[in-house]
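The structure that follows is given in the form of structure tokens.
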Amino acid sequence: MTTTKDDTRTPAQPLLELDNVACEYKLDGGGRFRAVSDVSLQLGRSEVLGLVGESGCGKSTLAKLICGLEKPAAGRITFDSHPVKPLGLGRRPDELLGIQMVFQNPYASLNPRRRIRDQLTDALALDPDQTWTVDSLLEAVDLPLDAAGRFSHSFSGGQRQRIAIARALAAGPKVLVGDEPIASLDAFLQARIATMMRDLAIESGASMIFISHDLSIVHEIADRVAVMEAGGVVEVGSTEQIWNDPQHPYTKKLLSAIPRVDGKGIIPG
Amino acid sequence: MSVISIRDLNLSVTTGSEEKHILRDVSFDLEAGKITGVAGASGSGKTQTGLAIMGLSPDRSTLSGSIDFAGTELVGLPSKKHNRLRGRQLAMVFQDPSSAFHPMLSIGDQITDHLRHHRKVSKKEALRQAIRILGQTKVPHPEEAVSKYPHQFSGGQLQRIAFASAIICEPKVLIADEPTTALDVTVQAGILRLLRELCDDLNLAVLLVTHDFGVLSSVADTIVVMESGLVVETGDREPLITAPQHEYTRSLIESLPGAEVSPR
Amino acid sequence: MSVSATDQQKNLRPPKIHPLLRFILVRIGISILLIWGVTVVTFLMTNLVPTDPVAAILGDRAAADPEIVAQTRERLGLDQPLIVQYFTYLGNLLQGDLGVSNQTRVPVLESIGQVFPASIELGIGAILLSVIIGLLLGLLSALKQNTIVDHAIRTLSLIGISAPTFWIAAVGYFVFFFKLRLVGGAGRLDPWMTPPPRVTGLYTVDSLLAGQMATFTNALGHLILPSCVLALFTIGLLTRFSRSSVLDIIKLDYVTAAKAKGLAPRTVVFKYIFRGALVPIITVVGLAFGSLLSGAVLTETVFAWNGLGQYAYRGATTLDLPVIMGVGLVIGIVYIIVNFVVDLIYGFVDPRVRVR
Amino acid sequence: MSISSPKQPPTNADSTGAEALDRNPVDAGIKRWRLRFPKALRTPLGFVGAAILLIWLLVALFAPLLAPFDPLAQNFGRLVAPDGQNILGTDTLGRDVFSRIVVAARTTLPAAVFVVLCSAVMGSVLGAIAGYFGRFVDEIIMRIADLVFAFPTIILAMVIAAALGPGLKNAIIAILLVSWPSYARVTRSLVMTARSSEYVIAGRLLGFSAGKSLLREIAPNVVSPIVVLATLDVGTAILTMAGLSFLSLGVVPPTPDWGAMISEGVSQFSAWWIAFFPGLCILTIVVAFNFIGDSLRDTLDPHTAQEVGETTK
């Protein structure tokens, strides 16, 4: 499991650095499963890194590791020269609040019993620069201003996901982690929400790690792409290089499996 | 020649005092040896169209219009008679293969119980046919597979088993409801190839419900686009995708990532 | 979900023992721990009593003499520290010594051994009735959801779990025995009948084994009303639970898939729906057994059914602590064992536990 | 192909809140997670339950005015059948059954509500701690709960009441000790679900401490199921209390009590009224709580409702 070649654009001082990180789960019937093994990655400033792989490849575990939601079995994660420590029972340390996450399931990521305004206000309190207000956030994600007074159940999946993006942005993050944020949305909404996420993150000066099983969406929004298979990163490179000149056989397989919308009736692969 | 011909199909569901129209004047045909794709966003009624053919519309719903299946009118068909067609003439494959099988029954049992029910074949003969059909859908080690349980298979293998179960009684119509949505992209291609082969080899009339134009572009012969219960456009695959007539179809296709750029 | 087989092999460290074996070992461990806990509870309860056990044993006059009290305390080991007393108690338990009744001076274990079969007979009758009737009503109610049938069954089952068992017992006894003479009266047999030769202790079984048909019908006539009364609460409980459990299953994909195969409705209901609902129901049957034991104490009293419940009732009314603690201990252990068996059944029924 | 409905570009398709028959929202239930009392009481069962309960509350409140005679005075002939004067007859000591029944409501109802409130608070606090902090705290609390579950309710209450001696106070302590575990189990499992749910994790990522997220994010989501469970449990508490009194381990004579009255009447077959009417009282009041609780339960989402139903002992 080696990182094939580091992209030349990777800055000398990465914002987020993963150094030989591994993670294991205990299984129900006994035994262990190594979900992530020996992953090394860097994320620069104002950069969008796409993390691509199929189900069970460990990409969501990697997202949790970055946010401190899982305990690494080995390796080191550094954010802005602070080590990322697993989240215990106490408050998350201030220096790590710059990592925020948008989750996969928009139906579960908003508190059903609290108004949207309250949930956004919690996040706004973290941003020292006071970049946003509740109104400007809602405007940024294309929602009506009266949304603030409502509860999450009155919104559709796509709308909820936009609220979740607004909440993550409100905290003024330096790294925005999207864990399959578009996977449970309709195909016709996916590209739009993904692009919105990218634009908002970059405009507010943050970097983004965008996790998806869909290479064609990642191709639209990412600067660099890392491909994962069976817990390891098999290839990292600029989006163009991965898309046009993949090196690893798994990346090739993944790319060739994407059906083209050309009406030719050709089954991919 | 059309195997199924749907004309002015309407479906409404009553919840409490509210009546909701799910399908409005839907009309299209399914032909033997052809895959008809139905596209639409969630809530457009595409799944309900498939269920209406199967006679499995939700409780407290009313269906009107006509579904003609080789001379038999399916709308208003008594449930006993419909039941004789289900599994034997009309078969269905579901979206999530991991939930479409009973976790406590063996694969062999689940893919042959309708064969034994409809054809009255012996248990031994049914199992022999099951092994043959699992081979046809390219499930690895069919002899061992029949005595295993669903949790011992991956999603892609289970979907192949679901196709085996669907075709074991040699049906004329196959309804595939988002058969690849729950699968990984590398597995999807294999399932689509299987669907194409089964359709061609068995001369099946296939209804493929999906929200993925990539899937339609790969295997569908004709495409029906639906929006909030209405059919907005019907046409052959290539012209419909490359030159959509209706504004809604166009916006759907344009919303897709990389509509114009494709990998090498 | 669909991790390919090779991926899994590569990163999987398989468990050292078979999951089913592990499952059984864990269950055994938990059961032993619980049984130990039960002994601690009964021991502490006995020792927390505000009333002096010595006084209870000796009676008022002897208790006034400090010398006799001190002797008795020493004889009973009550001058020892609590922890030593506990180990003495535990040691006695392991030898089958549950103490001696303050009232009758009969060893508790001996009395329990005598009355236990009566309760088993009643309990088996009631659990059979509640499982069969409860599951069928629950299934019917769920299949006819939101119809008159469903509403009626739901309302009746709610009333069933609301009625005080001992009152239903009294009313039933009054109506069916006293007024209508449809069933046998108090006790396990009419007073002039002689019990069948003891093999299992269950009169119905023993009389059949001995070929005494008259005794059998008489015993059955006495058994039927108490079991029905006892079952009423658990029927309500199981009806409600199996209804919600079946409703959960009905909306699953595999049921739609079974319907789409054109199977007979009977097959869909019993092979697919019922089998799926059965696993959660099995675990609840174990829990329902607990309320059955509670009900037995009250029911047996009304019917003068000479079982564990009536024994406990006599102990309670005379504040005979060794008896109450003995019954508590035995019932607690029986309950734990029943639930252990239920867990095992669950493990064997569900292939996801059984087959790796 | 007629197109009658206003068309929308797909970019807005999600803002219409398009109802998803095609695809089930992952959490069909969360939106119904809130308890709606008025809605629950609109169902026939809920309404009947509320009506019966209201009557009983009034009876308990105005018992001294309603009771025609002194419930303790042995004023009348023994075992007088119901007539114009003693509308529900008299008991073995010549006391008026109706007066005794009415006055007994004053002890039973408040005692049952009190015991349920205490056990609900105790159980859910312990359950929340177990569910949120997990590990050995969870192990200890839940193993104790398992232990209590291992004794059937009446048996354990009987053991406790016998050890402490008969009396209303000790009966209440006994019921409290046997009934907290069901709240602990339900709360624990709800808290565990909530704790790993994405909205709570999102809050933790925004810097909420464990305590803050438990109080602010999780608590509002577990209160409703606890209220439902408690409503159903009042009925159970009344039954257990009556059972203890029936076994002479509850309210001490001569204080009037339904369970004790039934116990007295069981052996008096010629005087059926002594046992019959108190039992009817217990039945109606327990039915009332169960009807209300069941209707409330239906307003919860299915998953939570099952959670509440499963542990009913």
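The first chain written gets the first letter, and so on, giving A, B, C and D; residue counts start at 1 in each chain.
In the analysis below, contacts are C-beta pairs under 8 Å (C-beta built on N, C-alpha and C of every residue); 3 or more make two chains touch, one makes a residue touch a chain.
The shown structure was predicted, so the numbers you read here are calculated from the model rather than taken from an experiment.
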Dominant interface by contact count, named by its two chains:
C-D
Would you mind checking which chain's mean C-alpha position lies nearest the centre of all protein C-alpha atoms?
D
Look at all chain centres (mean of CA atoms) and spot the one farthest from the centre of subunit C.
A
Distance between the CA centroids of subunit A and subunit C (whole Å) is 53
Hey, how far is the Cα centre of subunit B from the one of subunit D, in Å?
48
Averaging C-alpha coordinates per chain, one finds the centres of subunit A and subunit D separated by a number of Å equal to 45
Suppose each chain is reduced to the average of its Cα coordinates; what separation in Å results between subunit A and subunit B?
33
So subunit D residues touching two or more other chains come to 10-11, 13, 18
Touching two or more other chains - residues of subunit A
54-55, 186, 188-189, 192
Among the residues of subunit C, which ones contact at least 2 other chains?
1-4
Touch list for subunit C against partner subunit B, complex:
1-5, 252-254, 256-265, 267, 271-272, 275-276, 279, 349-352, 355
Show me the residue ranges of subunit A that touch subunit D in the complex, using the header's touch definition.
67, 69, 87-92, 94, 97, 99-101, 103-105, 107-114, 122-123, 126, 152-159, 164, 167-168, 171, 184-186, 188-189, 192
Taking the touch rule as given, give the residues of subunit D at its contact with subunit A in the complex, in rising order.
10-11, 13-18, 25-27, 30-31, 33-34, 133, 197-210, 217, 220-221
For a test of understanding, state which residues of subunit A touch subunit C in their complex under the given definition.
27-35, 37, 54-57, 229-231
Quick one: in the complex, what on subunit C touches subunit D?
30, 33-34, 37-38, 41-42, 45-46, 48-51, 154-155, 158-159, 161-168, 170-171, 174, 178, 237, 240-241, 244, 247-248, 280, 284, 287, 290-295, 297-298, 301-302, 312-313, 315-317, 319, 321, 324-325, 327-328, 331-332, 335-336
